[in-house]
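First comes the structure, then the notes that go with it.
Order of writing sets the labels: A, B and C. Residues in every chain begin at 1.
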Amino acid sequence: MSPQAPPSDHLARFAVSPARRRKDRFARIAIQIATLIALVPLLLIVYYLLSKGLSSWSTDFFTTDPTGNTFFKNSNIGGIKSALLGTIEMVAAASLIAVPVGIGVAVWLVEYGRTSWFAQTVRFFVDVLTGVPSIVFGLFIYIALIVGTGSSYAGYKGALALTLLMLPVVIRSAEVVLMLVPSGLRESALALGAPRWKVIFSIVIPTALPGMVTGVLLAIARAAGETAPLLFTAGATLKTNFNLSEYMNSLPVQIYSDVTSPTASVEQRAWGSALALVVMILLLNLVARLVSRRSRIA
Amino acid sequence: MTDPQTSRLVRDVDPESTPEQVPPVGDAAAATEAPTGASPNGAGRREPKTGFSVTLEGLRAFYGDAEQVKGIDLEFRANEVTAIIGPSGCGKSTMVRCINRMHEEIPGARAEGRVMLDDLNVYDPSVDVVSVRRAIGMVFQKPNPFPTMSIYDNVAAGLRLSQGRRGNLRPRVEAALRSAGLWSEVSDRLDEPGMGLSGGQQQRLCIARSLAVDPEVILMDEPCSALDPIATLKIEELIGELKERVTIVIVTHNMQQAARVADRTAFMLDGQLVEVGPTNEVFTTPSDPRTEEYVTGKFG
Amino acid sequence: MSSTPIPSGERLPLERSPLARLPDRALRYGLTALAALILVLIVYFFFRLVGEASPIFEKEGVLGFTFGEDWNVGAEQFGALPLIIGTLITSALALLMGVPVAVAGAVYATELCPLRLRGPLTILVDLLAAVPSVVYGLWGIFYLAPHLVPAEQWVADTLSFIPFIGGGLVTIPNYFVTGLILAIMILPIVAAISREVMTTVPSDHKEAALALGATRWEMIKIAVLPYCRSGIVGGAMLGLGRAIGETIAVTILIGDAPRLGAHLFQQGYSLAAAIANEFGEAQGLHRSALFAAALVLFVLTLLVNAIARLLVIRSSQGTQTGPPVNSSTSAATRLADTAAGA
């Protein structure tokens, strides 16, 4: 090939102007930088959690209650045992209610309510619930169970506030997964003469199970990290107790109260608790992801 | 337009040659007449332009490791309509998408070989792929006007890329719409959304959009397969008019369409070029038995 | 079907016994009751909340409360305006700083990023949602806020001619750092929804732009972003809802000034922070005022979330007619749900 004119002449009139090239390059670089910026906070938080939190971890840290002696520099401030146990207790209690109720409502929405106006109303209200600020959940329970009754903070009230918080998450994620179950599956079972309830329990729910478990785990992870709903329902206390009708401590509330203390060792403990909390939540998220991989439909 | 004496890649003559074999391209470039700016039949055309020829040399296309187009040498002559026919999956769309380098947009896809736009290899590393796509336009199977833009903005979209907001684009938009045969139908509603038109009108809008940037070649990938017969007919008429300005390559699974619009037709099978020649000959006196089976409907 | 008359009292051959039908009935009515329970609960709580808030509304009137300029606990004078403005300022800051970064991240992940990196990148951004808000508050107050003071002071001094931005001493709890932390907190939601909408852009349109001779950025500008506009705005509004309702991080980082802070880098207050700080010891009218603040918060987040969902649904149906998509099927709204309002 040896044409007379240099080949690029042909495309000359189609050339991209330098200004366009500059804009393209500039835009792409800006986007890349912005993406990096988005990742920086995560890395910083992880770094801080690890560097400051790990050093406060010890067996004592997890097996002693906080002592409340936070005013003097060298006093023994204790560990986070009651907080850890409290979180586990209240979240477990909340899940015991939120999971069956949530899945039940989701099953109703998908199998019975479907597109009826009543179902649409329920969906709308679940939407409303999703957007409620978490402190308002605490206030709801406060109004219902503390105002005027003469009773005060209790672990189960905190658990109930967490239930309210978990409900919309469980319902929505379960609904999504249930809707993904192919209707053909239901129809063939029904066509074989199986009663509705059997189809739901033996076919629909097992198929949707991994997806629902994922949703539940994510809801639990969320509930474990919440502070505000517990402030005025479970109160705060230092001692471990297994009685849900008494004041109960929790990790987020413990961290919150430690944050406002000026003592350095308390700040240290706050980081340690934060690390424990984040590890717990990450583990739940990880398990949720692994479970969702086994799902055949979602 | 093209002198039959200078036609090169004729392969319909030798019965002894194996169907797979294809005569080498030879000195295709040397034989090219540099296209002049003079208009062929300039009467009534606003901007007389002659198209370029496009020549594929040893073109291979891959999706990852899978070879979809297995070595093609093919010439699309300037200002002619060449149709590519063949059964589903034979690689005709892939091959055509290599011409304007759209194939490489798919993750993991790549192409080898040369695609000569006149005497310039489109795959040369020094060539800017964006310019290539400006010079070689494409009309897709499903009409795809930009959904958030008006009719006017759709046609002007390509122009705005290179000109920005400077200059009055209206005359060029109007010219493009006229060339696409759509002006009379939309001149009074240029600000309405492009999606509000019928399927056939949308496709002509897409053609106008491609024409507005004044390409040398237009590739059409089954442009009428989503349209009704009347809209199809309108577009086929349009193709006949457009070939005076641009070189057209049209992929089609409809053999009657190829017979109606194309000067030359190429038949592809399983990633390879089986036969190419004047449309009439390919359909009535094909030299390769596979071609004959395909055009008589034995498979496909 | 034969037409032999059936003796009364016996069942039709194909009918099930009432006992066999019992589980079906029980399930149906039981579940319906659960669903109705949700409705009842929300309505009940809402009305009780209004009830608890009514004393302050009686005393100051709804408008008087909402637009009162002084939140003075001692004098029993409760004007919620500084709280509302504080909430709005920090949320606006969160949007201003968070949305562009989130959308850019989404564009990168869907259009520019090498395929192998897409998964890890998505996971990393989504991980931001797993950090509980109290940890954000902790990190903010002990790390971010002190580190930012020099920069903030520089901005306050250099831009002191702009009202509200400059002209004063920078304090550690302040509006700006609160807004910044909120921006980080809403990043994953906005990014996830933007990503989701961007992946639904039909490749048709992107190819049309590229085939026309557009550079990559030009293609994004004319084919991707306009198509996703309402979805991105919906995602931004969901982020806004989250920012408005956020309590703990804001409480830690905004301070407790009963009046509007003098400028961006000073303390302020917000609706949620006031409740968190004061509710424990509030009595009588004070408490009623805090309930009223909660009511305002509730209504605000309700409105914002309703608009947001409308926009996200509308965008997932695209601008062409097609089968309506249930917006809750998107993983992104799922993420938004699990991370919403702390």
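Quick note on the criterion: a contact is a pair of C-beta atoms (placed from the backbone, for glycine too) under 8 Å apart; a residue touches a chain by one contact, two chains touch by 3 or more.
Computed from a prediction, not measured in an experiment: that's the story for all the values here.
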Pairwise touch network: line, ring, star, complete, or other: complete
Highest-count interface - the chain pair sharing the most C-beta contacts: A-C
Subunit A-subunit B separation of Cα centroids, rounded to whole Å: 54
Distance from subunit C to subunit A - Cα centre to Cα centre, in angstrom: 14
Averaged-CA centre spacing for the pair subunit C and subunit B, given as whole angstrom: 50
Of all residues in subunit C, the ones touching two or more other chains: 213, 215, 218
Sites on subunit A at which at least two other chains make contact: 14, 16, 20
Set of subunit B residues in contact with two or more other chains: 130-131, 134-135, 161-162
Subunit A to subunit B touching residues, read off their complex: 1, 3-5, 7-8, 10-11, 14-17, 20
Touch list for subunit B against partner subunit A, complex: 29, 34, 52, 116-121, 124, 126-128, 130-132, 134-135, 161-162
Parts of subunit B lying in touch with subunit C, wherever the complex brings them together: 100, 102, 105, 107, 130-131, 133-135, 137-138, 140, 142, 144-149, 157-158, 161-162, 195, 206, 209-210, 213
Contact set on subunit C toward subunit A in their complex: 16, 20-21, 23-24, 26-28, 30-32, 34-39, 41-42, 44-45, 48-49, 52, 100-102, 104-105, 107-109, 112, 121, 124-125, 127-128, 130-139, 141-143, 184, 187, 191, 213, 215-218, 220, 241, 244-248, 252, 272, 275-276, 279-280, 291, 294, 297-298, 301-302, 304-306, 309, 326, 328-329, 333-334, 337-342
Contact set on subunit C toward subunit B in their complex: 115, 202, 204-205, 207-215, 218, 222-223, 226-227, 229, 318-320
